[in-house]
Amino acid sequence: MSLFLNILVDGLAYGMILFMIAVGLSVTMGLMRVINLAHGGFALIGGAFAHWLTIKAGLSFWVAAPLAVLGTMAVALPLERLIYRRIYGFGELQQVLATIGLTFLMIASINLWLGSSLLAIKLPAVLQTSVDLGFRTLPMHRIVVIIAGLAVIAGLWLLMERTRFGIRLRAAVDNRATASALGIDTGVIYGVTVALGAGLAAFGGVLGAELLPIEAYYPLRYMVLFLIVVAVGGMGSITGSFAAAIALGVIDTASRYLVPEYGTIFFFACVLAVLAFRPQGLSGRA
Amino acid sequence: MMTGLRVRGLSKSFGGLRVAEGIDFDLPPGARKALIGPNGAGKSTFGNLVTGILSPTEGVIEFDGQNIARLNEAQRVRLGIAKTFQITTLFRHLTVRENIVLPIIERERRGARFWGRATAADHADEAQDLLAQFGLEELADRPVEALAYGQQRLIEMALTLALKPRVLILDEPAAGVPSGDSHLIVEAIERLPEDLAVLIIEHDMDLVFRVAQSIVVLVQGRILTEGTPDEISQDPRVREMYLGGAHAETGS
Amino acid sequence: MSIDKTTTKQPSRYASRLAGARSGLFGIPLLAEALLLAAAVAAFYLFPYNLAFLTRILIMIVLVLSLDLILGIAGIATLGQAAMYGTGAYAAGLFAIHVWADPVAGLLAGAVAGAAMALVSGLLLMRSHGLTLIMLSIAVAQICAEIANKARPITGGADGLRGIRPDPILGMFEFDFVGRAGYFYALAVVIVIFALLRIIARSPFGLTLRGIQESPSRMRAIGTPVYWRLVSAYTLGGAIAGVAGALAAQVTQLVSLEAYSFNLSAEALIMLILGGTGRLYGAVIGAVVFMVVHHVAAAVDPFNWLFIIGAMVLGVVFFVPTGFLGLPLALQRLFGGRGHDDRA
């Protein structure tokens, strides 16, 4: 029972992290049809800012984390204008190449600034404690992550369903040409969407630093993971990303606990099975 | 048994939408039939049902006595049923010659040969002859995307003819062709082999009346009537559909 | 009749490619191949202490050539070529240790193993496209890596497969310490594979693959069994990737889990796009340029070489999207010349 709870809590927390990082990727891939292999770089940048702010500048985590997220969004906006906007019309291979080049530059920049070793983020004392539920204790950090993840999906739901921006974004994802013809400024939407996705990735990167350690090669190391979440969830679908991230997070954690001798075979076999039977992903359009 | 194409009771539904209903249709060798009807009548759908891009909900499709309803598109092509695309779909970055050679290669079942040259003598010669028939021989080495739309439409027809089909369906062959060039299409149709069974799906009435021996009128997925050009042009229901009434075209 | 009616549309990027394929560099057939061969031989004499590195370049050329077949010609976009490379490497290594240490036989073993892996995975992969195809190909390679990792008794696991001692090539040329025999052995393999791919690219099969890349629906409409054609192409590409892996196993006398790594697939893809797809030369040029820049930049500054590679990659994408092969045409246009596409 205790094992089951461990798996559930760790798996959910891991899934929430994956969701927060990957959701921006899913939406931008569904919206702009850009294969963005540099998306993990936003999580890295967020984590790097948080590292510098907490360790080098000595700020409190509660100040550093929002600053890191805002800082990443501030980096993402000009990147969208300068680079992403130019590659929207490119062929898929060119987009892959461009975003890989961008990833290399991101990694090299972080390397130059902060070196290539692990970039720790100083968590506040409260996040390092455990919550005593009576029958067992749970790490506070994991609980906060799970709550944060739920807050994010709730917030996204509100954004998509209840705001004008959300409606326009959904329209643009559904049918770009028509949305544009209806006067929806797709340029602004793209910029805001990339920034929002980057901000969420940074948030996930900072919160998830214990599970996915921040270091310069982070984007390359975990890119496959984020792409898998998007592919399994269905490009462009927020609920799909959520379902895929949670499912994959739990499955991965479970296989680590229960069948560690099989390593990642089980995980990738599951991915293979899902994509073989439902190539468009859980919530994707056929 | 060379009876050509036989369709009986062909019907197709997309969910609740019935796009074809109880169609009976014959296309024997040497036929020159035209399929006309207002927008949304289901003409292209019928063409796609015959070629296998769509599978019927009900009905029988036979070719030379053989039931082909289970066969996919590529298999039907190999039997001899071919259709041009309504929207010109060519191999844009390949040359005109390569566009014509490809169907020849497939027809000869040489698509799996990884030795020899694609544009080997016999393929290239046959392609050149076909291009000459359409007056396009001097363009053979140009990439298709550099050609004018009217010429691309002709290449679409030449490409389909290179398959040496027994049944040829031309899906709006004159659509989008500048009026100065449409005579090229008409002449090409008039030069088609005599024993080929030809069905032309068209809106252009001049073209239809010029080449068709028999005209089938499709309205909302059903056949309204079939007859010679004279009979059709005098049929009051058809006249109302195309010429008169407060609303000439019914919607989809 | 209608020549005067041709429109002046944007010159096709591919027109120069087609023209070049027919008439050779500057109109001389096989000139490009001769120059590349001369460069390869010259490199042997110019850099006698870097033969291991040069041989690695040759091995990568074979891998990138295999990718050019499936991606450049047939249009199958994957990030899983390492699955076949690694399988070929382990197969050749195990073959040399347990069965027969003849190098050429080992290459064949690698080819067969690569082809088998490609055939089995291709039956699934060719049913999908786009992002799904990419992810499936990655998953296959990762599963292979994990299996190799767990099968320690056979593969050596994370420590790698050691003890590969190939016999002399053709019974005559021993693999020497400096790597002289290895270099020319690899070069011979490159020549054979290049020639083979040339033949395939010009064959009816090759043309149908290009047709499938242009328009799968059109190909179906002329009776092509598209799925099976793609499976064949993927299998053939897998065989060649397997040869590359086998070559690596024999020359370095070691096979590690890196042979299945995602980085390898990604680097091969970068090299191909950098060089230019579909003409085989691009595979050669891209591999050489990428590896040389990587080598030089990493030697100059091991921490900042990624800046150089990143900048180079972005530069190519924005200024010469068709890769280095498109450079002559781009330069010509830049300096006011006309494109090649008016040449018949």
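A, B and C are the chain letters, set down in written order, and residue numbers restart from 1 in every chain.
The working rule: a contact is a pair of C-beta atoms (placed from the backbone, for glycine too) under 8 Å apart; a residue touches a chain by one contact, two chains touch by 3 or more.
Here the structure is a predicted model, which means the values were calculated and not measured.
S.K.: Can you tell me which chain lies farthest from subunit B, using the average of the Cα atoms as each chain's centre?
M.R.: For subunit B, the chain whose C-alpha mean is farthest off is A.
S.K.: In terms of Cα-based centroids, which chain occupies the most central position?
M.R.: It is chain C that sits nearest the middle.
S.K.: Take the average of all CA coordinates in subunit B, do the same for subunit C, and state the distance between these two points in whole angstrom.
M.R.: About 41 Å separates the centre of subunit B from that of subunit C.
S.K.: Rounded to a whole Å, what is the gap between the Cα centroids of subunit A and subunit B?
M.R.: Centre-to-centre distance between subunit A and subunit B: 50 Å.
S.K.: Between subunit A and subunit C, what's the gap in Å when you average each chain's C-alpha atoms?
M.R.: Comparing mean C-alpha positions, subunit C is 33 Å from subunit A.
S.K.: Name the residues of subunit B that each touch 2 or more other chains.
M.R.: If we look for residues of subunit B contacting two or more partner chains, we find none.
S.K.: Can you pull out the residues of subunit A that are in contact with at least two other chains?
M.R.: Correct list: empty.
S.K.: Which residues does subunit C have that touch at least 2 chains other than itself?
M.R.: If we look for residues of subunit C contacting two or more partner chains, we find none.
S.K.: Can you check the complex and tell me which residues of subunit A touch subunit C?
M.R.: Subunit A reaches subunit C through residues 29, 35, 83, 86-87, 90-94, 96-98, 100-105, 107-109, 111-112, 116, 220, 224, 227-228, 230-232, 235, 261-265, 268-269, 271-272, 275-276, 279-281.
S.K.: How about subunit C: which of its residues touch subunit A in the complex?
M.R.: Checking each residue of subunit C against subunit A gives 71, 77, 124, 127-128, 131-132, 134-136, 138-140, 142-143, 146-147, 149-150, 262-263, 266, 269-270, 273-274, 277, 303-307, 309-314, 316-318, 321.
S.K.: What residues of subunit C sit close enough to touch subunit B in their complex?
M.R.: Contact set of subunit C toward subunit B: 1-3, 5-7, 9, 11-15, 18, 199-200, 202-208, 210-211, 214-215, 217-226, 229, 232, 236, 341, 344.
S.K.: In the complex, go through subunit B and note every residue touching subunit C.
M.R.: 51, 73-75, 77-78, 82-83, 85, 89-95, 98, 101-103, 105-107, 110-119, 123, 135-136, 138-139, 141-143, 145-148, 150-151, 159, 163, 181, 184
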